[in-house]
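Pasting the structures in now, so scroll down.
You will see two complexes here that share subunit A, one where it goes with subunit B and one where it goes with subunit C.
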Partner chain A sequence: MSIEIRNITKDFGSFQALKNISLDVPSGELVALLGPSGCGKTTLLRIIAGLETPDSGNILFHGSNATERDVREREVGFVFQHYALFRHMSVFENVAFGLRVRPKATRPSDAEISKRVHKLLELVQLDWLADRYPPQLSGGQRQRIALARALAVEPKVLLLDEPFGALDAKVRKDLRRWLRRLHDELHITSVFVTHDQEEALEVADRIVVMNHGQVEQIGSPQEVYDAPASPFVYQFLGNVNLFHSRVNEGRAQIGGIELQLDAHQETKDSPAFAYVRPHDIEVLKEADGEHAFEATVNYIHAIGPLVRLELQRADNPELIEAELTRERFRELSLTEGQSVFIRPRNVRVFLNQVA
Partner chain B sequence: MSATIVSQLHSYNKKVARSRATSEPAWVRWSLIAVSLLFLSLFLFIPLAAVFTEALRKGFGAYIAALVDPDALSAIKLTVIAAAISLPLNLVFGVAAAWAIAKFDFRGKSILITLIDLPFAVSPVIAGLIYVLIFGMQGWFGEWLIDHDHKVIFAIPGIVLATIFVTFPFIARELIPLMQAQGKEEEEAGLVLGANGWQILWRITLPNIKWGLLYGVILTNARAMGEFGAVSVVSGHIRGLTNTMPLHVEILYNEYNYAAAFAVASLLAFLALLTLALKSFIEWQASRDVIIDEQIEE
Partner chain C sequence: MAKHKNVLPGFNLSLGYTLLYLSLIVLIPLSAAFLKTTELSLAEFWQVVTAPRVVASYKLTFGASLIGAVLNAIFGLLTAWVLTRYTFPGKKLVDALVDLPFALPTAVAGIALTAVYASNGWIGSILEPHGIKVAFTPLGVVVALTFIGLPFVVRTVQPVLEDLEAETEEAAASLGANRWQTFSRVILPALWPALLTGFALAFARAIGEYGSVIFIAGNMPMVSEITPLIIITKLEQYDYAGATAVAVVMLVISFILLFAINGLQWWSNHRISASR
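And now, the complex of A and B:
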């Protein structure tokens, strides 16, 4: 079932949590709402579920207006950040809850409930825990039980609030791959909230980057990573170097070098920011014409597949981060304190609107 | 399974006791224990023992006779009636108030919390006087009540009202911090899964607060049966009609009928001991749940 969000606004007192949000979640997709804490992503998720009401705007489920529809009638599954398992019920009863509270007419028989619960527990690979109580489970197990419980009512939409937030790094990685596989099996329209860009980039079909109650960019993981639409998205997704720059008639000045830009042809001498990913910083031993500037190697972090360098620009106190492959690092045979030349590739320039 | 829980509890206690760095020298520990024991025996054990010795001073026959005396029986009956009416009312009010405060945000929330505490702050005598001022002969509704032949003051309704007033904070006070700590995620989860309000209350909220609720009920009951000041003002001390147990004890004592006074008092003392036993049982049950939670978190 597709979800359409139309001009949603929500205030909490004087705090504007959501400012005129519109977006579409196509049927069967796994979408991530990504943003820093306080950006309104959880509020938006709760509005989709019906746990909050928007001040204005509409939510459409499969084309029909669901804004006024009661939570119980929305057919959504919701996985809470801290799972919210019923602590006094066994795992089995937790998963069975949604079926047991149905009115008599639509409630399955006990045998049918038992069959369905065990099937769901098998799906999340925790059938052997049916008689345990939530406090006796590990975080990852609780998470999967919460998911089984949400799926028990056969929701048309699955909503997950920071699904991996409370887990340690190793479990988190396993679980997010598992969730991705599960989604590929079930094809249920899913929206999850996260502040972790790595998580969003790895799991989601589509990412909605949010900041200050507004949508900054919507796109596939590759689109938002390779072509960020705004300085915020650049800084939020992955590491990035920021250079203060001036743009004049399609040419950007960064330190001592000048770059040809595709955009900003009409701009007359205005301040701008230039963004370069650390792996797009080329490190050279010799100066290469006008397109490189001088820097000193401050630190070398040679752990993992990439070698990270912290460089100090010679012409001003800004620090630059660069990532090299181990081969390239060996070729250069760099040491700390050494003088090098750096050349940025794939520079994105945003005009400084404020100044 | 309960055996493993008990052994976990033991290892938990040992873990606390074993930390050498924070323990005091032996003589400090022993003198602290001695001081507290001395204090307790002076102010608690000896008076308590005195109640039971005095009650049985004239023999077991006299003890029973004092309890089955018609006035005593009527006092016991009235005490039970007052508790039996105020308890369910407080139960409903306590859960409703705690629910409202813990799970909703609304204007005047802090005023409501302060108002719930009012009976703790006000002297019980004043609580009684308030009802006399409202329902008494010269009170606001006095004439109307006389015209319609209703009696509130110097009658059972007054006693019940005063009892409710002095006991209503107990359950709410017990539940508010508990429900605030538990948050409303479980209730929201129930809602998303399709449960209606009643189902959420019976299947999710009440099971989660059962120990706190029971604790509050026991405290309320103890206070309702033992209340003296507020009830004394509104009761009128009519023997066999408007005397509760504490008031009956006072009357007997003032008439120098010590053995009978202590016999009735021993019932109240017994109630107190029972309350303490139940209270520690509940605390043990509740802490057991918490300890298991913590061990899993580790």
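And now, the complex of A and C:
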């Protein structure tokens, strides 16, 4: 079932949590709402679920207006960050809850409930925990039970609020791969909220990047990572170096070098920010024409597959972060304090409209 | 007995202290009551404790205490709910008012309740034309016992209610549970142990209550005379053995009831943390 979000606005007192949000979630997709805390992503998720009411705007499920529909009638499965399992019920009863509270007419028989619960527990690979109680489970197990419980009511939409936020790094990684596989199996329209860009990039079909109650960019993980639509998206998704720059008729000045841009042909001498990912910083031992500027190696961090360098520009006190492969690092045989030349590639320039 | 290594030292010392303390404060005075009754022969004892007037007083004391405790369990839960779930002006004041029955001398409470519920009092004068007499009837006893037991349920349930995650209720709603199902299947089971404790405390307190009741009860034999008053009356007539005999019966019944409530509580706790 597709979800359409139309001009949703929500204030909490004087705080504007959501500013006129419109968004489409196509049927069967796994969409991530990504943003820093306080950006309104959880509020939006709760409005989709019906746990919160918008001040204005509409939520459409498969074309029909669900804005006034109660949570109970929305047929959504909601998974909470802190699991929200019923502590006094066994795992089995937790999962069975949604079926047991149905009106008599639509309630399955006990045998049917038992069959369905065990099937779900098998799906989340925790059938052997059916008789345990939530306090006896680990965080990862609890969240999988919470997911099974949400799926028990056969929701049309699955909503997950920072589902892996309370788990430790290793479990988080396992679970998000598992969620991806589960989604590929079930194809249920899903929206999950996260502040972890890695998680969003790895799991989602599409990412909605939010900031200050607004949508900054919508796109596939590839799109938002490779072609960020705004400085915010650039900074939020991965590490980035920022250079103060001036743009004039399609040419950008950064440090001592000048770059030809595809865009900004009409711009006349305006301040701008240039963004370069650390792995797009080329480190050279010798100056290569005009396209490199001088810097000093401050620190070398050589753990893992990539070697991270902290570089100090020669012409101003700004620091630059660069990532090299180990091979390249060995070729250069760099030491701390050494003078090098750096050449940025794939530079993206955003005009500085505020200043 | 296997020797256990405890993480916390001082088990022997603290257990010894606990036993000594309980003995000095509870067990020795109570066993003195049992001892005193042995002055009576079994037949005399039986005659004293089964006298019609005394039996009627048991019924009133335990019956009214039970009704009072049940009322407190229901309305104490409601009060705790209101105090934790909603914000309203004067909430702190209401919160403080709940403890008043603890602090007030019971005689003051009794006099105040009598003044209000007597046929010429504020509330009594409204109820009287409808044929409801409160003061000087068993109903008055219930009112007094409800009054003094109020804080117990509120104060035991309140912290548990505060700790209850709002998310579990939202989870229940998203799974299709209506408000009543959410309350009965999710909230109430979580509150049950605390509610039971509060109920037991209010009940126990009501059984032993004297001061506030005797003013409003009217103390008519066979109708509105509570067991503690019978004991006092016997004491005033220097019938010490008779007084302790009645006291012993009361003690035993109270103990059995509280023990049963504890068992119920253990059972409901055990269900939650079962299968370890």
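Structural remarks
Please note the rule applied: the second predicted complex is superposed on the first by the 355 of 355 C-alpha atoms of A that agree within 3 Å, B and C clash if a C-alpha of one lies under 4 Å from a C-alpha of the other, contacts with A are read in each partner's own complex, and residues count from 1 in each chain.
Just so we're on the same page, a residue touches a chain if its C-beta (ideal position, glycine included) is under 8 Å from a C-beta of that chain, and two chains touch if they have at least 3 such contacts.
Just so it is clear, the structure is predicted and the values come from calculations on it, not from any experiment.
Superposition of the two structures on subunit A shows subunit C clashing with subunit B.
Touch criterion not met for A:191: it reaches neither subunit B nor subunit C.
By the touch criterion defined above, A:51 lies against subunit B and subunit C together after alignment on the C-alpha atoms of chain A.
In the overlay built on the shared chain, the residue A:137 is in contact with subunit B alone; subunit C does not reach it. Look at A:39: by the touch rule set out above, it reaches neither subunit B nor subunit C.
When both complexes are overlaid on chain A, the residue A:72 reaches subunit B and subunit C alike. Residues 49, 51, 71-72, 76-78, 80, 82, 84-89, 97-98, 101-102, 135-136, 149-150, 152-153 of subunit A lie in contact with subunit B in one complex and with subunit C in the other. Across the interface of their complex, subunit A is touched by residues 185-186, 188-196, 199, 203-204, 207-208, 289, 292-293, 296 of subunit B.
Interface residues of subunit C, counted against subunit A in their complex, comprise 165, 167-168, 170-178, 181, 185-186, 189-190, 271-276. Partner subunit C is touched in their complex by these residues of subunit A: 49-51, 71-72, 74, 76-78, 80, 82, 84-89, 97-98, 101-102, 131-133, 135-136, 146, 149-150, 152-153. On subunit A, the positions that touch subunit B within their shared complex are 49, 51, 71-72, 76-78, 80, 82, 84-89, 97-98, 101-102, 135-138, 149-150, 152-153.
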